[in-house]
Amino acid sequence: MSSNLLPPESCINGSIGVVIVGATGNMGKEAVKAVLAQPDMTLLGAVGRRYAGEDAALIAGEDTPCGVTLVSSLVELLSSLKTSGALEPYEHWVGIELTNPTTVMEHTNSLVQAGFRPVIGTSGVEEAQQKTLNRVLTSASLGGAVIPNFAIGAVLMMRFAKEAAQYFDNVEIVELHHNKKLDAPSGTAHHTALSLSEHHPHPFNAALVKEAETITGARGAEFPNGVRVHSVRLPGLVAHQEVLLASEGQLLTIRHDSFNRQCFMPGVLRAIRGVTTHSGLKVGLEHYLQGKE
Amino acid sequence: MSSNLLPPESCINGSIGVVIVGATGNMGKEAVKAVLAQPDMTLLGAVGRRYAGEDAALIAGEDTPCGVTLVSSLVELLSSLKTSGALEPYEHWVGIELTNPTTVMEHTNSLVQAGFRPVIGTSGVEEAQQKTLNRVLTSASLGGAVIPNFAIGAVLMMRFAKEAAQYFDNVEIVELHHNKKLDAPSGTAHHTALSLSEHHPHPFNAALVKEAETITGARGAEFPNGVRVHSVRLPGLVAHQEVLLASEGQLLTIRHDSFNRQCFMPGVLRAIRGVTTHSGLKVGLEHYLQGKE
Amino acid sequence: MSSNLLPPESCINGSIGVVIVGATGNMGKEAVKAVLAQPDMTLLGAVGRRYAGEDAALIAGEDTPCGVTLVSSLVELLSSLKTSGALEPYEHWVGIELTNPTTVMEHTNSLVQAGFRPVIGTSGVEEAQQKTLNRVLTSASLGGAVIPNFAIGAVLMMRFAKEAAQYFDNVEIVELHHNKKLDAPSGTAHHTALSLSEHHPHPFNAALVKEAETITGARGAEFPNGVRVHSVRLPGLVAHQEVLLASEGQLLTIRHDSFNRQCFMPGVLRAIRGVTTHSGLKVGLEHYLQGKE
Amino acid sequence: MSSNLLPPESCINGSIGVVIVGATGNMGKEAVKAVLAQPDMTLLGAVGRRYAGEDAALIAGEDTPCGVTLVSSLVELLSSLKTSGALEPYEHWVGIELTNPTTVMEHTNSLVQAGFRPVIGTSGVEEAQQKTLNRVLTSASLGGAVIPNFAIGAVLMMRFAKEAAQYFDNVEIVELHHNKKLDAPSGTAHHTALSLSEHHPHPFNAALVKEAETITGARGAEFPNGVRVHSVRLPGLVAHQEVLLASEGQLLTIRHDSFNRQCFMPGVLRAIRGVTTHSGLKVGLEHYLQGKE
């Protein structure tokens, strides 16, 4: 490994060594900045083909370089880190995967083989793959995580909605996103609706009258157990969702607004710290929400 | 007319004599109370088969009687009022029709023949009937009104949404009602969506990406010109609607909440006063919103 | 006890015998209807001086009488119930206290002495009194409850806000009530703010800039630990509160809307059933929210 | 004027020649991009000391240069434009001033002397200065504008609130901003509150009970005529305001959310086009909101 791939002394500030895969995407750039700002973490490497050879912090929008040069190959990065002894000072090695569904498993496997604990923010890891990954991680005594949503507020919204649904027989979800979003309902709304319907002993939203849609679609998407989801798409919006739980005379609304990708960083950091505390695979940020850091 | 049908002296407090048809329904009872409280109005009669023979104010929930006895026949009431000379003290005679679509035209015709200006809050008066009514009223030099929505706030919401739509290319409507409502979208949402699409030079909500509904109905009901409407139905709610207008970086939301039928009374009173100021038929409360009373 | 104070056979439908004190107030009337509708509860008596001698269900607005006559003295009611053997069929005896701060303790003591488990919805039971009550109830092996807020949604809002506050360093509360409310902030807002500030390791809403109020009061009421509360008072509103929790790029909002007193009934019924399951005094509906009934 | 200060032929695409003063601030950069995208406008020059010598479009974040070099002196820029004949092709010359209160008047005067119509987005132009400016502009047959808020949605919110206030006797304003904002209430809230109170015949929010603040500030800032304003400050937020208008049984809410500075651009463009259509000074974007462009 050419020495310029090693973090300079000035960057070594914590006991968790972190590699970021997909460091030049929108999430990746925020992750670079967030990791660099943690006293207990050190950025060991960053993969981002587009800007290979440039400084990861500068590309992320910082004014001063961090000394970590973007590289195009994760495999080469991992091998250099290992042979150079650059990993030795760190108690834990964590790799954040933020690329896309077609490359996520390949990167994850490389990370695990190199002894890195993976934090996977990319979609596309199927249930069978999660099971295999869990086995591999467990036998290697390594922790890992698949995190569908890094926004702590969104995860709490889902948790609270599920808890509140024990006490309310009616629930509808309104999710609002920017008008460049491809799918409706959103992944978070889909996940929330399924999680609500899963454990409810009887269908939500029992019909009191014979309802009629005079224009198709007015009453939204119907999920199992009667949960309804409405998807609004407008420019100006980012990612917003509200869960409305109602009974006679009262309404409980739990709403989450994401305004930008910074909102994911506290969750990313929790997951990095979280995977160092267990072995095997955890799915969902909720496993790392046991109180204030 | 038996003298007990005449309002006692104590009730005569204004120059507009009012008859309420459908005085024992939910809207009718509120209208009785509202009219009785106006210094410039006198309740001359009230039709409500169910409680015929009882005092209109007591049935409406007041603690003290108003002296106006509920009757079951509008025709008989009008004839008694006329022959007894009970109408003479009043400058204007107004009849409020609050029954149902099957009886509204019969009642309206009776009122107009007796020289009363009709304020029609019942749905079911079709466009052809409105035209005929307009001709009849105009030739009789009488004013009249069909009012689809008496809530001033709802009428302003529609007016503002229409005005704002000149400046925004994206608009969606979310309407929320109690879960005993039969139709979705609501009449007000339907009316708002059509009014928005009517005058817009090009379709709203132009697609920026190839959007897909993974579950049918998620994106709501699509109206002409691309306006989307989402209908939420939950117990605890009454009648609520919000119009969301958006462009890059901003969102303008106009929302109206009706919590109970009292919200219609300022509009009912405006319409009663309004029909005394013109001849012919006006459709919509907006004609009577030219400033604070 | 004169036999007309005893519930007729037709009303005996459950194993919990219930007495309602303050049965002719707004809350009391709803409670009468709610208890009568439960298969596991029997309304044994109802105290309401104003309508003494009338049927409790009719006064509560039901169309058919329930056979329980309103009485003016709780002490006499309890003594009649006891001597007549009317209590014997019931496994548990519960008394709901819904009067006012000046009479609440006297009624509570009478209930407990008669072997009734008290459910207290009236404010004004001070901490010292709660301690005494707890001792008395414990030694009598009876359960009892002081419930500041019967709305399940409001209690969940407070619980969720407290839990979420572990993950957010910024929080403000906006509460909105009708404009006949005397105090600002509301009791619920006060309670929420204190509960949030109590366990937070450091102040919320740390100042990033030197903020200035150009008009006093703009930034709301400041509670310990920096929690801010804003009180809106408008006609048309009933009781609404939202807790806004924020961090960079995201906002989590938990809102509860009460539209009418029906919203308290699920909580009243939970508390009635709840006090039969333990001894000693519990404060707060949260003790009885352990899942769906 | 050195030829590199002239827009290249490829940039000349419209009949309004525009100069932007403060082109490297956040608003200025958006304005550069917005003007460059208009077929009827040509960017003639851009002042921004910080990046003098660099291409205005590149600094604004565009991928390709626009050929307009940032300069540090407005006076020199104007003189070069004039002597070089660069202004001749354009029907109208407009100057956008986006710097700060200390320099705004100096820049404005330079622009007007050079025959440019000023669009002033900077605060700090006092009423006396506005009067003088109006006289100067009128006698020069030039139009100009002071625009306190370029967000069309915010201006409509204020207009609608004022119109709706004719029909509602109760109004409160809740404004929410990021927690780096210095003043509370915000300028927009201040302006809205004053505009509401100005023309209302009697005070809003008449007291129905003797209200008490148990903690100072709970009821917000009180403006003339009883209008109340509440200021929430939280990270994650940008600029949001809602006006709540209420009467018995109903609530009309008009809310505006600004998510980023792009939301100001439609207003900036309207003002640029607007000042070419009149002479004298207009204050407020509302003068240019007479329908869709």
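Letters are used for the chains, namely A, B, C and D, taken in the order the chains are written, and counting of residues starts over at 1 for each.
Note that contacts are C-beta pairs under 8 Å (C-beta built on N, C-alpha and C of every residue); 3 or more make two chains touch, one makes a residue touch a chain.
In this text, all values refer to a predicted model and were calculated from it rather than measured experimentally.
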So the chain most remote from chain A by C-alpha centre is B
Larger contact count among C-D and B-C belongs to C-D
Please report how far chain A has to rotate so that its Cα atoms sit on those of chain B, a copy of the same sequence, as a value between 0 and 180° in steps of 5.
-> 180
Between chain C and chain D, what is the separation of their C-alpha centroids in Å?
-> 51
Inter-chain centre distance, chain B versus chain C - centres from mean C-alpha coordinates, in Å = 38
Which parts of chain D, given as residue numbers and ranges, touch two or more other chains?
-> 236-237, 247-251, 257, 259, 263
Considering the complex alone, what residue numbers of chain A touch chain D?
-> 236-238, 257, 259, 263
Touching chain A in the complex, chain B uses residues 170, 172, 174, 176, 179-185, 190, 205, 207-223, 228-237, 244, 246-251
In the complex, chain C residues that touch chain A | 151-154, 156-157, 160, 163-164, 166-168, 201, 242, 245, 247-266, 289, 291-292
